[in-house]
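Per-chain numbering from 1; labels A, B and C assigned in written order.
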Amino acid sequence: MLHISKHNLLSLLTHASSSWQVFCPSKQGSTVNFGWFEGTVDTVAIPVNSCKGAFLPQTEELFTYRGTPETGLSLTGGFDGQKPVLIFFARPCDARALTLLDRVFLEGEYADDRYRSRRARSVVVTVGCKSPLDTCFCTAFGIGPDSKAGSDVFVYEDETSLYFEPLTEGGAGFVAAHLAYLAEGGTPVSVMEELRRAELPLAGRIWVEGMAEMLDSMFDHPVWEKMSARCRGCGACTYLCPTCYCFSVFDAPRGTHGKRYRSWDSCQFSDFMLMAGGHNPRPTRKERVRQRFMHKFNYGVKRQGDYLCVGCGRCIRACSVGLHAASALFDLKEAGR
Amino acid sequence: MKALLIPGLARIESVRDETAAGDVKTFTVQFLDEKDRFDYMPGQCAMLSVIGVGECMISITSSPTRDRMQFSVKKSGRVTSALHELEAGHTVGVRGPYGNGFAVNEWRNKRLLFIAGGIGLAPLRSAINYCLDNREDYGPIQIIYGARSPGDLCFKDEIFKNWPGFPETQVQVTVDKGDESWNGPQGFVPSFLKEIAPSPDNAVAVTCGPPIMIKFVLQALSELGFGDEQVVTTLELKMQCGVGKCGRCNIGHKYVCVDGPVFTLSQLRALPAEY
Amino acid sequence: MNDLREQLKEAVASAFSQGRVRSFVCLERGFYPFATMPAILHSGSDADRVEIGLADAPLLAKYLLDMPKPAGIVVRSCDALGVSRLIRDRRVKREDLYIISISCPGVVDTAKIPMSMHRITALEKAGDALIVHTALGPTELPWSSVLLDRCLACVSGAASTDADVVLDDGRGKPPAPVDYSEIDEVEHMAPDERYAMWEKEFAKCIRCFACRNACPACSCRKCSLDLPEPEWLSRAVILPEQFMFHFTRAYHVAGRCVGCGECERACPVGLPLMKLNRKFTRDIETLFGVDDARIPRDVEVLGTFLPDDPEEFC
């Protein structure tokens, strides 16, 4: 298998960044976050955020306008062919989450042109998780530390080297373009074995089988009230979740020109559904928390054909009051018995 | 590939005040660039932009059988208020068509009952004119319409002059509270409907209006013997994208922007009551 | 420790049985058995759920806003400051509250337990150590190395006295010495360097509002930053808006921040918000000659004009 010594990784990425937009984890202040490559990479920590921002940026310009409705207008779309995206070191959960976002943004009557053009030429390089965190429960969703769904290249990491296994044409292309940095030889059998055996501490406590069906009859269950009482109504969980995708569209005028943007939004915010005239179909935390988990564990299954959660545990780390997918699955299971 | 969230620019050809209070205006628009123009069906909607202020979802009130696209807009918030400031010659953004629209093809040869309140007539008007323009395809058409006061009635030319002139077409109008100019019926739409007591035989009832009116109209219809399959209504939820992506307008697993806004009562009953 | 918990359970149960409260906010065992989370109780029979909170204990004051009154709350001294803040800001009335204050030896920040020790099965305080039990066996860590940042600046771990019930087992953390060295560091940076640092930090902010929503001093019913009209802050997460948000937040709590650190604890991406808050706190202390500006007082430093107030405010 082709491999690279960890020491040379930065030079590979620096080279890659001339033809790719590289999205990778790096240490930023006190946390490790995914972001555009700026000369450093952290291959150890699982970042607090997900890599969805590479395809669905938190804020993106839809167009710039000039003029006014009164005097006439011109719009210029702010999107053209950019360098393809390279996700360098997604985790198996991240890669799988991208396949779920694909169902939202690419399938159905309308495909999202921006998402599609970023995604179409992207290469997702995923590293197997040798040390899952206490918050990881991906195995509940049928994936695991060595899952390859959604990845173009899979990387095995041992003490000194990273072994590249191309999985798709795009992945092979990426590897071929960086042969100068890669050496031939060796199969990381023990790493493969280790990944296969890796156990997740939460796996035994979380249960999703039949969850979607069970929730069909739990819309009015009192458990929502109890669960949501501690929610602070912030956007931390949804913004960091790799499968949450809600956004809003808004204008930012500056005199006779301005921009229209779209930005992530969160169904946990109190005004998310506030309508002109003051009606709010989800007026309290109860409805909003219910929406979040019903979306992930029931509506998503009906609409996208799968749970909209990959068990990455980011919401566990994000929430300051311990309300997250794992606690919800646990409480819902108890309540629905 | 067509950009999903970018509107085409359109020129406002005319603006008509519908109500005495000036809170509803009908805008007739024409795309500046032919490539932005789109075909649509009755009941479908479009995202109207006042560029620099924002977008909002508005039903296309014109029928595709007529040549100009129209929107009737009630002033209710930021974008709708900004729209109300615009005049003929000004530019708006329009993207669409969105939503499922009415199943006008399935209505063929049926008796059609349209029940609307206030601005709720706007989406039905598209279907009504469509059916009237294809008059021979449909059975008798009965239109029951109400508003708070005579001044709040929209599309007065059509409800009083144009529509009653079509064969087998009946328009019955009520107001919550009349004034000196009014000598028609008074009272709320649901009780007016019960008085008229249209027959459910081979009929489709289509209703749109304020939520409270819809609620009681639905009750009245089922009292009159209409089955849930025969009753059609349109829903309104907050929207941002109009294309099923922004995660905003769902009721259960259905998205009002793409699966609706038109639902039969039996479809609605299968969804959680969160709207 | 257990004694304190037993006493607390009793006190909560009797608050209900005596009809003193309709609801009670406290901590309970979280999804991870060693951590705690907020619980809002509605009956005395739930009092068994009450926990002291050894690790990851969120602060509770802000929950009072939406609870049916009279409402009970269990506070450690940092949370008591938050409650006092809400009372002075007229968000809640003292007579609508039933306060049980407890002494506090500090709260463990599980994020400070080294990664090599995850798979935690239980945590235990033993004197000046934290014993971390994992599948591989127990490990001891010095107590002070695993405490939440807020505890490192604690006003006092003794139970606060403005309470209806005071439960103090004498094991409260002694007041932390005042230490502004972190603020000095920032102040001594060259302006460009300092700007670059904040730019980098603010760029990381995802504007999730967890900081604002956790803060007992950010208690406006409708935050001005959420208003569509006038739109002070657009939803665009772009650098100018980030500065706007962070300045607004910091200025709005200036003079009212109780230093509880819940904002920083709630921030999922680790913004050092306390560097801003504590800068203000220190400036108020030096400019207005008050002792510990975190402590809410009847005459608000920034809410009151006195003829001899200093003119400059840097």
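Keep this in mind: a contact is a pair of C-beta atoms (placed from the backbone, for glycine too) under 8 Å apart; a residue touches a chain by one contact, two chains touch by 3 or more.
Computed from a predicted model, the values in this text were never measured in an experiment.
Peer 1: Could you work out which chain's C-alpha centre is the most distant one from the centre of chain C?
Peer 2: If we average the C-alpha coordinates per chain, B ends up farthest from chain C.
Peer 1: If you average all the Cα positions, which chain's own average lands nearest?
Peer 2: The most central chain here turns out to be A.
Peer 1: In whole angstrom, how far does the Cα centroid of chain A sit from the Cα centroid of chain B?
Peer 2: 39
Peer 1: So the centre of each chain is just the mean of its C-alpha atoms; given that, what is the distance between chain A and chain C in Å?
Peer 2: Inter-chain centre distance comes to 30 Å.
Peer 1: I'd like to verify one number: the distance from the centre of chain B to the centre of chain C, where each centre is the average of its C-alpha atoms, in whole angstrom.
Peer 2: 51
Peer 1: Note the residues in chain B that touch 2 or more other chains, in rising order.
Peer 2: Where chain B is concerned, no single residue meets two or more other chains.
Peer 1: Quick one: which residues in chain A touch 2 or more of the other chains?
Peer 2: Where chain A meets two or more other chains at a single residue, that happens at 248, 250, 265.
Peer 1: Of all residues in chain A, which touch chain B in the complex?
Peer 2: Contacts found on chain A: 62-63, 65, 67-70, 72-73, 75, 77, 79, 104-105, 108-114, 116, 219, 244-251, 253, 258, 260, 262, 265, 267, 272-277, 279, 281-282, 287, 291, 294-295, 298-300, 302-303.
Peer 1: Which chain C residues qualify as touching chain A in the complex?
Peer 2: Listed in rising order, the residues are 30-32, 35-40, 56, 58, 62-63, 115, 118-120, 200-201, 204, 206-210, 212-214, 226, 234-238, 262, 265-266, 268-272.
Peer 1: Can you check the complex and tell me which residues of chain B touch chain A?
Peer 2: Checking each residue of chain B against chain A gives 1-7, 9, 50-56, 76-77, 80, 86, 90-93, 211, 236-238, 240-241, 243-248, 250, 252-253, 258, 272, 274-275.
Peer 1: Flag every residue of chain A that touches chain C in the complex, lowest number first.
Peer 2: Of all residues in chain A, those touching chain C are 28-31, 33, 48-49, 58-59, 131, 133-134, 201, 229-230, 232-236, 239-240, 248, 250, 252, 261, 263-266, 269-271, 316-324, 326-327, 330.
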